[in-house]
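What follows is a pair of complexes built around chain A, which joins chain B in one and chain C in the other.
Up next is the complex of A and B:
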């Protein structure tokens, strides 16, 4: 609107007035334009100011978060025994803690147990979640909506609320060895489908016409899922695998509950075994070993995250539809 | 290489929304059919039902005389091209095209042969090892076509394949798809909302709106003879001009008085297909004329009978180079008003500007007239009814001083100048009491339309085949009086379609066997297997709780001499004598039906119905199941 009005003004001026007045008019216009130019400058200032403040706050938070990790890491190389050390960095550095971990304790056994449980239940969980999510995303059946809602609500309750029920169910299911690795695998993977929601949200973004095209091409639902949809869903598969690997890997509550009272410490997972080291009688002796173990436990997950990070951001449907 | 037949196809969604209503059409081999209509008209749904991606609620879909309602898409031998191409993004072009063949376990060398051949047809050989991401829109569309070609399908289904492309590419691809159709010699079904695509590509076009078919015809016939206002307005750019009007007939002169002011003068001969009942100066009609059929006059008006002179005031002029579109108004005081607005496609050398008053001429041949309320054309190419004025005296119908003795079944009071409706199909030529002169003959496809001059009236009659008479021949004709309507004495045409309410029931015969019956009132009819299958396919077990309507033709009912179980039994309440044919009304205690039988009033008759000709309708949602 403003522009139009100005134009008309200038025009009327041209037809009636001499040159000098025209120049004055143009000057005025320029001045008003210059005034406007100042605004972006202040915007830039605010942006830089905001960014800097944000960076500073985040840096402080990051330092606060990383201090315990660094402490844990350096303490794993401490030679002096005991749970408490007067200095942040150890006075004498050694690798003995790691050596002791693998020679004197059952850590390697626990590590193997945990890895086994995590890998198996991670595989089962990934298949469950992806299949359930695909079904909810693509197939229309009567119970779809109610089932989705029920699963969503059930998924909102913390898992350990059902702990005692799970314990008795396992006792019925595996009367002879309910305190075993198998029962742990069942516990971690059985309820996996409840976390279908993110994967379903992802499948919803994969165009339905791909399924239809495959159907017309003669592919069964199974083939469509494995040949068309899964190859397009790398990022969600990796996300699902990561999440389902971490939960049994780091879980303490279920293990401690199900394995409580098991005399054979060889059945423990790392979290349970390591927690035992922190008990009052043992902490003096085992604290530095605990730190070393913690570093080793954290390594594979950290590595996994760093390796697979890029898939989080990768666009997958490029080229499928116009875009 | 296949013919398709769609019979009474319905699509009803769970919520009761009817997406497609009674879609009936036969598609011959090698046709290029275009479904066109605004969004939400059910055209894509129909296509998806043909493809097998949507279930057919009711109706029969045949491909090559095989009912395929329950076939999986892959078994229907069709291929489909999607609007967004639906290419598999993680596969190369080659793999995309080969996917269907791999699924069918075709050997690798055959796949290679077929894919390269298809790629050659489409000119995408050099892109075979690229991923879809690395292709332009037009190339992707070609890959999608290629994926369809390699399957060698009987029917090609294309769902708005060009709407994602830019305008220039669209024109190019349009020609390419037409060429592909020529080359493959296969049946194509093409869905679009763009009437230009429809007009340029289709051998026949199906215009749809709100789930109903509006008209099926060739592009040129749709343009020239639209059945209703929707088709008239949808096909053709710029859109047809519509004006509310009334018609006055004064002897041979007919005047269309437009509501916006001016009048268009014509002779009766120009507008003789419009029924006389609309020419009473009161009934509202809509006068329609295409922008092409209006011209701007630069020299003096000479009345050659073909063009009617009018004046208009110019509102906007669009100079397109090849032609000039003038937006004007027939009401000279309101150039920008909606009412009276007229679009004129003028010569590119026409130089007019806003505010000019121009002389225009309207074609007296190429115009359209629609009923204001029904929006149906009343100047159809083949008129359905003769709506004329007649006198009745002494149970004799007098039309233009010719007398037709009414049969005893018609009891009409004496009345003068009443409206008589005679269906065109009810007039047969060659013998009879009526005498007429053939005024004009039109051959429309397989139908001969005769213009018969009876006194000062023009009556239409039609026959199939080639003309038997010549212009100016004297012919005799007969009227099937059972089909006429006389408004003043409430004479209605004899209803030869019987409709009865009923249900579908099962009765236990023994432990595991059930007998199924069509129950009409107290009567039971044994259905054929075909009927049972269709009822169950459509409604499942709900069929036993559904209110149905059974519809059957009078000619499919025969009267039995002996009593048999599971037949209709009723009493004759009325005998109708139409001269050559006699009918009886039979009371079944749940309804009255008409039977072609001459009996005594009060006589009990046993009726046998040809169950395979029965039509069954779901009463609540009004869909034809069988």
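Up next is the complex of A and C:
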């Protein structure tokens, strides 16, 4: 804005017409105005000062924010054993931790378990959520409002509260392998319908006239859903899949409950297995291995999140923020 | 908006606003209960109407319709809807078998001592002398937990069956009427096609709802009922039976003179303080950060954003565990080493950080670490909304000579609070239930046996306490479910505020 004002050039009028005097006056006025605006020199100084301070503050904050992650990364290459090192960076660098991770521990197995659970449960969750959201958003049936209210109330109970009963239920349904990956898949995806709210918010914003046009053309609800609504809902589908794919990787509370007292550590997921490494008895031995494992787990998840960040923000703001 | 309020002084304005908020809250609650009342009334009216038509149809219907009151699906079978009639018949037979061979027994045990208290189940597991093997063996008795679980399941099954039964009788009568007029009955193929068209919602909802019913509703109702029993480590199933105790658990927990009561109030207090602190620090600093990053003239915006977002992209159990190890105290005294941050503070300030040893230090550390996770999250949220603030608002404020700080407090903050109000309360509820940050950082510790009992520790939230009560060494399921119910009540109160304030709920039909 400032630059534009500076560019206003004061033209000089060399005419001798009677208006010349008036023009000159106007010129003077304009010049004086421009002079007044010359004050910006100090404003410019403040602007630059502000920007530099902002830049510095931001850099410092960003470094503070990233330091723990860097610490994690460099510690995974530390050769010295033990939980604590006197220095931030390792004194000797090595790849042994990674080698050990894949040869001596069950990490690969846990990784496979988690991946399997994540893929299956995210497929189920996505189908459930989209189906429920579409039904509640578009179809008006008698039980709709009561069902939505009941689900709203159910969502307010802490999800963990019912775990003891779910545990017993799984024990009854799968008497031989209730502490298995199947149980975990059930736990992660059976209640998925409860998180329909954000997707419904999205479907609500898709114009209803699209549905109506398709229906008039003789398309069934089924066809309308698959051919018209779903292709328009890329962002919400990606958001739903992203969230449900990431959650088994990050979950500790449910898996620790389902797998409590399982002697065979091969059934664990990454979070549970790695948590055990940091317990008092194991930490001296496994800390650097933990760091290496953390790098391997976090890299794809972080990359995925960064890649799909846009959809994540859209999903969260679209669903939660409605004045 | 009204401008009346601006004739008062700033402090008075604030008071008036607070007053209005609580007044709004009050009317919100009243409205909620009025709506609840209306709901019940309409429910009863509908129920009455259903029973009335149930009776009338029986009286008016012919012999076939009357018979299908006894044998479901008979009317359908002889009036052209063969498959449908067959399905109804199977349903009825199945229901009767379920009740006779399974549900009835559990239901009777469930209700046996429901009022007045007493054992849940009849036979306790007992030892007996097994002569063949020459050892004491267990003679399995009833399992109280299974009785509650199956009792709930049976109650729901009965409810569903009654609903189907009413539906079938109504259909039978309608079929009779249709036959008299000469209308052709809908055949099975059409029924199936309808499931993809007019009744598509049944197809869409059935499977998710079965999942929800089996693994959320039934377990949840069971756990709610556990709050009215004395199920704990001393009454572990299947070795022992446990008993109905009414509201005793609630009374115990609220009693302020007992150790348990005192512990509960302390944990509740910290939970609320934590939720307020965590929500507002993250939100406020997140907004400031977003403003700073989006400021004109700042370079490398994308780089900064990526660096901040990295902390929330990394799975929490990794980032929080590494944080907790960086803060670890080592031995507990000055010079005993420990995590990098502890060592750094020791070298710089010669002060030993008592993370995990001193309750208040640990609490402060947890709030700070939570900012590490929460600020980027709010920053992501706020960035988008900040862009939407109309630029001309700032323009006119600038022309009027408002300084940057003033513009922030008079334009940015009110706008953001207005738009993100629901989000803020959702975050608040999320923080009340923030298991990860507390459990992975401090594990709830440090404990203080003088102040905390029953497994609770100094930084425990209600939710982490609930976890410890249902898993670890201090197993106490009855207490866990009482706490779960209380967490629900707290969340419900705050959700009601969102519910009443949010226009998204009221104007659902408006913006489609």
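In this text, the second predicted complex is superposed on the first by the 244 of 323 C-alpha atoms of A that agree within 3 Å, B and C clash if a C-alpha of one lies under 4 Å from a C-alpha of the other, contacts with A are read in each partner's own complex, and residues count from 1 in each chain.
We adopt the following convention: contacts are C-beta pairs under 8 Å (C-beta built on N, C-alpha and C of every residue); 3 or more make two chains touch, one makes a residue touch a chain.
Fair warning: this is a prediction, and the values are worked out from it, not measured in the lab.
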Contacts of A:207 with chain B and chain C, given as first, second, both or neither: both
Which superposed partner A:231 touches (first chain B, second chain C, both, neither): first
Contacts of A:70 with chain B and chain C, given as first, second, both or neither: neither
Which of chain B and chain C A:216 touches, first, second, both or neither: first
Touch count on chain A, higher of chain B and chain C: C
First, second, both or neither for A:108, with chain B first and chain C second: neither
Partner chain in contact with A:132 - chain B first, chain C second, else both or neither: second
Overlap of the chain B and chain C footprints on chain A, listed as residue numbers: 207, 316-317, 320-322
Contact set on chain A toward chain B in their complex: 207, 209-210, 212-219, 223, 227-228, 231-232, 316-322
Sites on chain C touched by chain A in the complex: 145-146, 149, 193, 196-198, 200-201, 203-205, 207-209, 211-212, 214-220, 222-223, 226, 289, 292-293, 295, 297-299, 303-304, 306-319, 321-323, 325-326, 328, 330, 337-340, 343, 372, 376, 380-381, 383-385, 418-423, 426, 429, 433, 435-436, 439-440, 463, 466-467, 470-471, 477, 480-481, 484, 487-488, 491-492, 495, 499, 502-504, 508, 511-512
Contact set on chain A toward chain C in their complex: 47, 50-51, 54-55, 57-59, 61-62, 65-66, 68-69, 71-72, 83-86, 88, 128, 131-132, 134-135, 139, 141, 144, 147, 151-154, 156-158, 160-166, 168-169, 172, 186-187, 189-194, 201, 204-205, 207-208, 220-222, 225, 246, 249-250, 252-253, 256-257, 260, 271, 274-275, 278, 283, 287, 290-291, 294, 297-298, 301-302, 305-306, 309, 312-313, 316-317, 320-323
Chain B residues within the chain A interface of the complex: 51-53, 72-74, 78-80, 82-90, 99-100, 103-104, 131-135, 137, 140, 147, 151, 164
